[in-house]
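The chains carry the letters A, B, C and D, assigned in the order they are written, with residues numbered from 1 in each.
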Amino acid sequence: MNAFARQIQERSGQNLSRCYQCKKCSGGCPTARWFEWPNHSVVRMIQRGLKDELLGSRAIWMCITCETCGARCPNGIYLSPIMDALRALAVEEGRPAAEPAVLAFHKAFVASAKRFGRVHEATMLAAFMLKSRLFLQSGFLGEAAGGLKLLARGKIPFRPSSVKGKAQIDRIFAESDLKL
Amino acid sequence: MKFSYYPGCTAHSTGWEFNASTEGVFAALGYDLDEIPDWNCCGGASAHNLDHFVGLGLPARNLAIAQDAGRDLIVPCAGCYNNVKKAQVVLERGGGDADRLARVLAFEWRGAVDVLSLVDWLERPGVLDAVRERVKRPLTGLKVVAYYGCQLVRPPRVTGRPSWENPTTLEAACEAVGATALDWSFKTDCCGADLAFGHGDRAEVLCSRLAGSARRAGADAIVVSCGLCHANLEMRQGGLGVPVVYITELLGEALQVPGRDKWWEKHIIDPSGLFR
Amino acid sequence: MAEATHTQRVLVIGGGIAGITAAVDLADAGHEVVMVERLPSVGGRMLQLSETFPTLDCAQCTLTPRTVETGQHPNIKLYPYAEVVGLAGEPGAFRVRIRKKASYVDWSRCTGCGACQERCPQKVKTNPFERGVGIKKAIYTLSPQAVPNKPVIDADNCRYLTRGKCRVCAKVCPVDAIDYEMADTFVEEDVAAVIAATGFELYPMAALGEYGYGTVPDVIDGLAMERMLSASGPTAGQVLRPSDGRVPRSVAFIQCVGSRDPENHKPYCSRICCMYSAKHARLYKHKVHDGLATLFYMDLRSTGKGYEEFLQQSTEEEGLVYVRGRVSRIFREGDKVVLWGTDTLSGQPVEMAVDLVVLATAVTPNPEQAELARVLGIPADPNGFFQEAHYKTGSIETGRDGVFVAGCAQGPRDIADTVAHASAAASKVQVFLSRLRREAA
Amino acid sequence: MNRIGVFLCWCGSNIAGTVDVHRVIEEVRKLPEVAHAENYMYMCSDPGQDLVKAAIRDKNLTNLVVASCSPRMHENTFRKAAASVGLNPYLVEIANVREQCSWVHQQQKDVATRKAYNIIKATIEKVKRNAALEAIRVPVTKRALVVGAGIAGITAALDLADAGFETVVVEREAEIGGKLRRISRTFPYHEPADAILAPRAEALRDHPNVTLYTSSEVTAVGGYVGNFDVEVATDPGDGGPPETRTEKVGAIVVSTGYDLYPVENLGEYGGGRLPDVIDGLAFEGLLADSFRNGEPVRRPSDGRPVRDVVFIQCSGSRDPENHKPYCSRICCLYTNKQARLLRDRNPGCRAWVSFMDVRTDCKNTEEYCQQNIEERGIVYVRGRVSRVWQEGDRLRLWTADTLTGEKIELDADLVVLATAVVPAAGYAEVSSLLRAGVDANGFFQESHIKLRPVESSTRGVYLAGAGQYPKDITDTVAQAQATASKIQSLFANEELAQDPLVCRVDPDLCSACGICVPICPYGAREVDALAGFSRVNEALCEGCGACVAACPNKACQLKNDSMVQVVGEIEVFAAEEGEEDYTCAC
């Protein structure tokens, strides 16, 4: 087994060598249509050590952890922790994300949790919009319209609330190498 | 009977009516919900993507608080439930991650409390009987489909659900208040809520298929138990106009919990017509 | 009808595990059995094997109690180193003609001391039993545990018989058992029924052009690998390249070689290759821990009890690498063997240089089987296997009354299925004999 | 004074490669009472056995120790060899210096050599006190019982009956024929199953040597090989209590067959919820209807002729995580046939097969399958279907396309799940009644996977058909005939010789407390109240020693394995090896 596969296997806790390529994972995946390669190929590519391809792929950001593939896998391989491991590794190594908007959202969300202890949607969304430069894209108006609808219904408060035990939150983040 | 309660960050924002209806229904049934003190964000659908430990540490802190409170923890939002439950499983299994959590959060997991979704809660003995007893206005004639999505049922090794492909608890709850729960084929398919930011069009591909299928099955509404699913289904169903209501709202209507008008106001697709 | 004493005798052709099983069943049931084996001792293919899937038990260890039992059984009359050349008479009263091949050793004197083999100066690389991976002497026994344990002289390679000089064996034999003048002899036996259990051969590598026509020294077949892995084999269980005797750091195993290839070779599935290839790769990994074992396959066919689990364990715990796709070409490049193929799961081409290639060549009938079918008056199928009378319920019967078949001579099967098939043949023979008795009464 | 002979086998390099066989023999020769000691390359070979026989004769040996492989291999070989020259075979003991010594100490030659010597010395200590025993002779009832009358049971019973033995057949259903009754036509020649079954069923019913009990079950089994008492309960069919009778038989065939894994367990395919998602046997029923009525195959929900059918193989098989880990062996074969027959019955119909590996490994089935794919246009897609759901009056599936790997959606009228083959309901009861063990999946366990495929763990009980493991009709028939052969060999004897290494009770020590009775797994113990002690039924006793351990009075002893012998062995071993190293040596 190559070093990359070993690393992913250790981080994800999944035994990749159990895979016999039945493709049941790919068949049931709701988002595989937006991957470069379907789920079973991702496993195969890890086995073959294709690190650069995977860490720079859309697939790792288009997997949304619905756990359908893992639950149906005849060999009990869960792809979501594998994808988690790939994503975390990509972030750790500072690789440019093939889906920058998705990474920007996750970063904005976690930054908000880190800052306040709870996520404050208004500031988080603002940060996300800026970071992702989504407002420059054609789809933005639709997104903004959705946000406006929520605002109009009084659903997004303007003032963030914060937790008192921030020291513990800080310790959690200090334990990791996550850079936001 | 008392439960600890983890409302989650959306309780005071996008999931306001979920929180309000949950509290209302529990009260109407004679259950106390004690919000655990100083809870924090569970990490949402983001933390685990960026860092393994942060993804576990955030929900684990809430578990530590719940353990001190000493009662089983109700987590209505499916996404929050899944994160907290995963942390519970990691702590119970023991090993490197569990040791690290105990060290960083300076606590010892004793396994004294359990994490419950609303589905878990509805399966507790006596809950549906209590609902049936207290129905004030049966929802006779209302046809719904129940939607579980991903996080309430998967992964089965976290949720412990034997029948994750075809759960029937929410249906039983709908039937308990006199509604008709229709069989349909998408109750555990993903709505794509996590695609909403950045790829709303893609989320809409998934959502509109769900809503379309619900409509074809003859449903007047989709019943959910997750703030993210709810928002996504309402906003991205491709203009079909199928109302999406929380299971607690449905129960609350039948139990005639006060303040319901405020719930309906929060919806993008107004469901109040269902109950006239 | 022949005399009653004859009606209970049965001829078993072939002393492999099928023949042994049928013979012992019949002998235990009180019937006299005449067993004819073309090699000097009984045991058949199992005698060549290393360990058996899926338990990885030593093949000799499970086999020798059976060969010993066959040799000792008072109801079994053994004709080793012999062939059936004629069958006359009718069902219930056959007369079989047996050619006892000249062994050049008087077995009635020989004590099996082994001095002749030890001292014989002529090493033979072509003895088919060792499949080219080891040598035998020109006077040899198949194995130290052979039953019977008596040597024969390989007339094609014996220095004295070919060049008229040597006689070392005759000089060292303490009991004067060597007889260079010995010729084939013929005997006849009366039997009521016949079981043909003549086993299988592997498809010749010489027929595989794209894999080098069998001329690349480090491309071997499955039975050669068995000999190499066998603890009692020529390398004492070590895996060594035939070309230079080095331990191979990487081995490729190729399945479906000549099987499932209706256009060029054999159309059928050989049924045992998926399992023995996985076994080979695992045993190789047990001996060369850091070795790389890659298996090329079409479909994995692990259909027996415990087989699927064995394969899963092979990939999960033993680190075998499976590639789905046929290898297109094999050739020699320096001291390596190069393979060109495709990983059909990823659609990408694969080029590999390895130290050793093991071909799981198709299971075929023995070359002599066609002639035997003619002698016995029974049909062969288009692939040369004996044709069963009925696909579902008559895989033992041949269409000729009193003549039955068992084991791989009827079609490829593993040991467990062969043993069951052979016992089934013993039952069909007894039903037949019972009918004869009733008709005689 | 004993004259003990010791024979150490090299087993080629298996033993001699690790153990210094010459040194061991040198040392053994010095031991008291050892009259002869030698080693040889393969003691089990003809020349090796000749050495043993010659030494017994020439040196008047009284007891033998053969140091070699496990006694499971060659104990019998050497006992026979000894008996052939007049030495009582129970004076021969095997010292296992291969599995228990050389194989486990391959890197420690000194340790292995010392341990081999000590194992031999301990075995000498034991064999000194062995008694010359005679085999226990029990009569044989030459009647057989067959449990389950599918094609396996029918075949076994017909062979036995044709060979002249009375055979009792017990079938749970009202009709015999088992699963074959539900099959339309068989692969690869499309022979109607009834053409196979009907003549055999009729032959069985009419056979003078066969007693057939349908609607019946085995409810109790007593006795032992050659002498079983089997209670059979028959449902009279009128709601009354079952009629029971006891049959005396000498051997039993277990041919209880299989069931299919319930479709309800496959939630992702809507099994049990969607009427047009059915299993393979249900599809056989649809095919049978089609042949009978001369009409196309119609689907269950609305009776419409089907136009698009998807067959899903490995439904519950090869799925260690969620269902069954094993391959069900027959599904690839019958699915291909079903798709082919469907194309014949419903011209223009589409037939898709979702597969993992095509396992057409039986004779002529590879050719048959290829022909169906090439000439009948059956589409094979490699990959597991992930999901099946209802969409209007059609079914829809998600799977991955075999070439591109991309996800595709398929529409179908009917989905046929080739569900895993599992042991027939009630296997556990049959297993415990007959003391015939089952494996982790519930299939009856053969006593050796290669060389004893039809023998169960209990002598006189044989296994045929899919109850032992999934198999096709051809292999089932062969296996059934094999059980018939084993039983005919058994019935060739007037008496059976049983191993005399059984329990012996000292009546003076026994207090008739009865602790041994429930502890005996073989039902061999009984308190004789009149005589005042607990007796051993020697024919039933397997010599397991459970009662020896349980007896508070030390009244139970195993023959040739007495307490004195066992303790003697341990003491010798411990004295040589030191207790710390080998506390678990016994």
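Note that in this section a residue touches a chain if its C-beta (ideal position, glycine included) is under 8 Å from a C-beta of that chain, and two chains touch if they have at least 3 such contacts.
Note that the structure is a prediction, hence the values are computed from the model and not measured.
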Result of counting contacting C-beta pairs for A-C and A-B, higher pair: A-B
Most central chain, Cα average position: D
Where subunit B and subunit C are represented by their mean Cα positions, the distance between them in whole Å: 65
Geometric centre distance via CA averages, subunit B-subunit A, whole Å: 21
Distance from subunit C to subunit A - Cα centre to Cα centre, in angstrom: 58
Subunit A-subunit D separation of Cα centroids, rounded to whole Å: 51
Sites on subunit D at which at least two other chains make contact: 268, 318, 320
Two or more partner chains touched - positions in subunit C: 300, 312
Subunit B residues counted as touching two or more neighbouring chains: 164
Every chain pair in contact, whichever chains are involved: A-B, A-C, A-D, B-D, C-D
Residue ranges of subunit A touching subunit B (in the complex, touch as defined): 11, 30-31, 34, 62, 64-68, 70-71, 78, 80, 84-85, 87-88, 91, 99, 101-102, 104-107, 109-110, 112-113, 117-121, 125, 128, 132, 134, 139, 142-143, 146, 149-150, 153-157, 161, 163-165, 168-169, 171-173, 175-178, 180
Complex contacts: residues of subunit B adjacent to subunit D: 163-166, 183, 185-186, 213, 216
Touching residues (chain side subunit D, partner subunit B) in the complex: 267-268, 270, 273, 389-392
Subunit A contact footprint on subunit B (complex, rising order): 9-10, 12-14, 16, 38-41, 43-55, 57-58, 61, 100, 104-105, 150, 154-156, 164, 189-190, 192-195, 197-202, 206, 231, 235, 265-268
Partner subunit C, residues of subunit A touching it in the complex: 1, 15, 17-18, 20-21, 40-41, 44-45, 48, 75
